[in-house]
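Next, two complexes with chain A in common: one pairs it with chain B, the other with chain C.
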Partner chain A sequence: MSNLLDLLIAGLATGAIYAIVAVGFTLLWQTSQTINFAQGEFVMLPAFLMLAAMHAGAPFWLAIIFGMLLSMLLLGLGFKMLLVDPMLRHGVLPLAIATMALAIGLKEAVKQFFSAEASPFPSIVPAGDISILGRQVALQSVGVLALAIAAVVGLTALLNRTSIGHQMQATAQNPVVARIIGIPVERMILLTFLINAFLVALASLLITPIYLAKFSSGEVLGQAAFIAAIVGGFNQVRGAIAGGLLIGVVDNLAAAYVSTQYRAAVPMVLLILIILLRPQGLLGRAEERTV
Partner chain B sequence: MSALKRYWRVALGMVVIAALIIAPMYLNRYGLFILSQWAVMTIAATGLNLTLGYAGQVSLAQGAFVGIGAYAAAIMTANGMPLIAGLGVAIVLCFAIGWILGYPALRVQHHYLAFVTLAFSTLAFLVFRNESWLTNGIYGISNIPRPTILGYPTNRPLPFYYVCLGSLALVSLATWWLIRSPWGRAFVALRENPVRALSLGIDTRRYTLMAFAIGSALGGVAGTLYAPLTQYIDPVPFNLSLSLDLLMMVIVGGSGFFFGPFLGAMIAVLLPEWLRFTQGYYLMIYAVAVILLLIYSPTGILGILDRYLTERRTKAASALRAVAKSGLEPAP
Partner chain C sequence: MKSGILAGILLATMTAGAALAQSGAPIKLANVAELSGGGATVGTNWKNGIDLAIEEINAKGGVLGRKLEVTHADSQSNPGVARAQVQKALDGEPYVLLGPGYSGSVKVTAPLAAEAGIAQIMGGEAAELTQGGNKFLFRTSFGQQSSMPKVAKYINDEVKAKSVAIVWVNNDFGRGGRDVITKELAKYNIKVAADLSTEAGQADFAADVSKIKGAAPDAVFVYLNEEESARILKELKRQGVTVPLIGETTLVGQKVVELAGDAANGARGHVGLTTDAPVDLIKAFREKFSKKYNYVPDHNGIKGYLAIYMIKATTEKMGKVDSKAFADNLHGLTIKATSEPGILMDATFDQNGDIDRQGFLVEIVDGKQVIKQVLPKLN
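Right after this comes the complex of A and B.
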């Protein structure tokens, strides 16, 4: 039982990070039909940008700001202008393939310019345990969970409570009508790319202390985020959040109770079942078929 | 004009085939390996091109089928059976699994389908890695023998290259026949407009499953050649990135074009080798090249050619019209 609680907290902590990544993923899909196969690499890269800043002598807080801003420039603005904009009108598939190539490019660039070895990364949450309900729980898990929840709550508030959020939702739901009623659609789309870049940088900051900074670490993360997005509902932000938390918990429980060899299979089986039984996802709306 | 064009096309085809037969005699061991790999990957990509390019069903599982074929061949031949038996098992197995994997395609489309097949790909990898009693797990299967064909052993690289090339030729002929048969037409109808295809009396259900099954079976064929080519297999080459690579080959070459996979596999297998002189940068340059190509022409290399030919044909047609018109005008 006590073991179960630890597993649940650890699972929720990783799940919250998956959720952040998955939310960015669904935002890109909603506003600009981009299936970003490089999303995992997008999480991997900011940690290296921050490490590079620290190698240059910057203190940790400055490196974080530097990494966040640079990733918004490269993975937000640059990604949109150099890759998505020229390819969008050609349909979903060529763009998806181009992001696959981008994933290879990013991995190789980090391997070549930084290191092929895993590098340690400082945690923004101090080490140690705290006592919750009379139990010792790693401060790291709790801190990650708290920060991730704060980010998700902040984002949901932005989307649902502010005028900009409403404009973004309108853009996602129906760009033509949104443009007619005077919403600056282009700016809103750019904003979702910037938000995605911010979210992946945040996820990078939270997860890299746990899994180390490595050029190939994006593969697992990207897949987890895909699955979270689909399980929860591809067209819903809250679906992606639920999916992320679910996958995190299921993954941790599977590692403990199924077998370490087949732990990766459990989320996959879940994914196949969800797609077959409820393709719109747990919380998603059914998408209209375009025929 | 058409006859002349046909003449040039046949001539070009013959030159390429002759080059593929003669040039390897002057290649070293490594060059032959790469060229054999190109032939094997072309077979797998041709299968995916049937599923994706002709029938319009996205699959991220082709790499898993190559793996299934490779393991079938390796396990059978390691137990003393001939490769042809392995080939039979691989084809039947991949056809059956591909058929079953096609069922989700009946319910969901596009990106959802991509993710179902992605999940299948990961599951297959886990089975290769974990079921040690069958696949020997992470240690892999070594000393996979190369076949003896008509009493002629193909242990050396050059004869085995001809085995790969011959298989590619057979697969190409079969595919060529298939896409010109009523089945191939039905596949294209399925891609272009499933509802209209259904209303014309095409059993879309059966053809969707068939497109998956045949494409997957060709993946299995590629796998049965891959195992004796490398003579050692472990789970690593058959992970998700092989499926992504194969998808990239089809799109980059030109999905829905018969020769698309040939060019795509050439770029994916040979271009990194040519770029090796740039050392650590070669995969980066490869990635950038693929992105730039797709930005320039989302329909791949053959898409560029197709666009050029269509433009020229339209220009020629409008020139003809102009001539015809000017011929008419003087008459009052």
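Right after this comes the complex of A and C.
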């Protein structure tokens, strides 16, 4: 039983990071029909930007700010203007393939300019344990979970409680009508790209101390976030959150109770089941498409 | 007539020139290693060790007056790619083939080198590699069949553990080590409390560590590659596992210490090669390597360096550069550090290509390898 509790906490902590990445995924899809297959690499890159700043002599806190801002510039503004805008007019599929190319490009660039070897990365959450319900739990797990929840709550509040959030939602639901009623649709779309860049940089900051900074570390994350987004519901932010947490927990339980070899397959099986039984995802809404 | 003599002289000069160029031509070596992918730490250290040794030897005039020249190819830590790269390297007819470092890649490439009759000096440690009768394969470090009995003895005599959780990586290296250690532990009636296979490149060890906690062993034997070793050490610390953590070279290497930070403290293991060894020649090597590459090498750096000095010593013993006779001459050869300082410690190569040399038991204390015991050379 205590073992199960440890597994649940660890699973929720990783799942919360998947959730952050998955939320970004769904935001891009909703506002600009961008399926970003480079999302995993987007999580990998900010850690290296922060490491580069630290190698140049910046303290950790300054490196975090630098990494976050540069990520928003490169992975938010740059990604939208240089890749999404020119490609989207040719359809969703060419854009999706372009993001696959971007993923390879980012990985190889980091390998070439940084190193193919893993690098250590400092943790924003201090080491040590805290007592929860009489059990010793790693502060890092709790810290990661708390920060991830704070990010998700903040984002949900932004989307549901503020005027900008309402404008973003309107843009996502129907850009034509949104434009007619005077919403600056282009600016709203740019904002979602910047939010996605912020979320991936935050995920990078949280996951890299555990996974280590490595050019290939985005592969696992990108796949997990993609599955989480589909399982939860591709068109709902809360769906992506639920999907992320579920995948994190299922992955850990599968590794412990099924087998380590098949752990990667279990979320996939879950994905297939969801697609068969509830195609819109756990919390998603059914969409009708004109042909 | 006159023109005939001139032509003759010209021909003779050209032939002599060609012969001179032949004897003075560089000795070509080919290295295939894990320069990217999961084994990048292994391959990069190995490559840098090779380059350093070649630079030193060439600066002193080369081997038998000929310079050494090496080409490096990346196996991407993938046995399939390694095989293709080795085939390509062998097509270039190298004097000796170097690498790969991963046992799985060695396993699939060794038959190619043997078929070509080219000696292969590699970094793999899986026990089975040198037990298949391949007459062209040579180790630069201990195979598992020599290191695991020492680890099991240590777990029994010093740690006094009655039950051990074994965590191993599911590839040729990990499976080989797990098979040998399980057999060796059984000799001391030590129970295997948990037998956990993990995947190469695995990022998340939370579930594995939970299982270890559930099994409540007296000690944990960790047999993973470097990066995964660092990740599991961090997770073991995160989940508050305090029993002794014991491993082999990959658990207590420099790279693991760098990646795992504080979490590496207390980890213990048997190592065949370490740059912290109380051996003057190794200390000097460490200094040269660190100066050239700005980091402290792990055992793979030493292995790459030794591979080149094995070639030098064997070739000088033969007195000629003869790739076909190379393997025969290295079998049974003892290279003494007094006559060839580049070999760092006296080493003997047996008929299987296995190495006999002194070894060390180490513990990580405050982020540094501390030698606890020196285990002498057997013969």
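Note that the second predicted complex is superposed on the first by the 291 of 291 C-alpha atoms of A that agree within 3 Å, B and C clash if a C-alpha of one lies under 4 Å from a C-alpha of the other, contacts with A are read in each partner's own complex, and residues count from 1 in each chain.
Everything below uses one rule, namely that a contact is a pair of C-beta atoms (placed from the backbone, for glycine too) under 8 Å apart; a residue touches a chain by one contact, two chains touch by 3 or more.
Given the structure is predicted, the values throughout are model-derived calculations rather than measurements.
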item	value
Overlay on chain A: chain C relative to chain B, clash or fit	fit
First, second, both or neither for A:102, with chain B first and chain C second	first
Where the C-alpha centre of chain A sits as vertex, the angle toward chain B and chain C in the overlay (nearest 10 degrees)	70
Partner chain in contact with A:220 - chain B first, chain C second, else both or neither	second
Which superposed partner A:111 touches (first chain B, second chain C, both, neither)	both
Partner chain in contact with A:261 - chain B first, chain C second, else both or neither	both
First (chain B), second (chain C), both or neither touched by A:189	neither
Which of chain B and chain C A:129 touches, first, second, both or neither	second
Distance in angstrom between the closest Cα atoms of chain C and chain B, superposition on A	6
Residues on chain A lying within both footprints (that of chain B and that of chain C)	111, 261
Residues on chain A engaged by chain C in the complex (per definition of touch)	3, 6-7, 10-11, 14, 111, 115-120, 127, 129, 136, 138, 140-141, 209-212, 214, 216-217, 220, 251-256, 260-261, 263
Contact footprint of chain A on chain C as seen in their complex	35-37, 40-41, 44, 170, 196-199, 201-204, 206-208, 210-211, 213-214, 227, 230-231, 234-235, 237-240, 255, 258-262
Contact footprint of chain A on chain B as seen in their complex	58, 104, 107-112, 114-116, 118-120, 122-123, 126, 129-130, 193-195, 240, 244, 247-248, 251-252, 280-281, 283-284, 286-288, 290-291, 294-295, 298-299
Chain B-touching residues of chain A, taken from the complex the two chains share	35, 37, 83, 86-87, 90-94, 96-98, 100-102, 104-105, 108-109, 111-112, 219, 223, 226-227, 230, 234, 261-262, 264-265, 268-269, 271-272, 275-276, 279, 289, 291
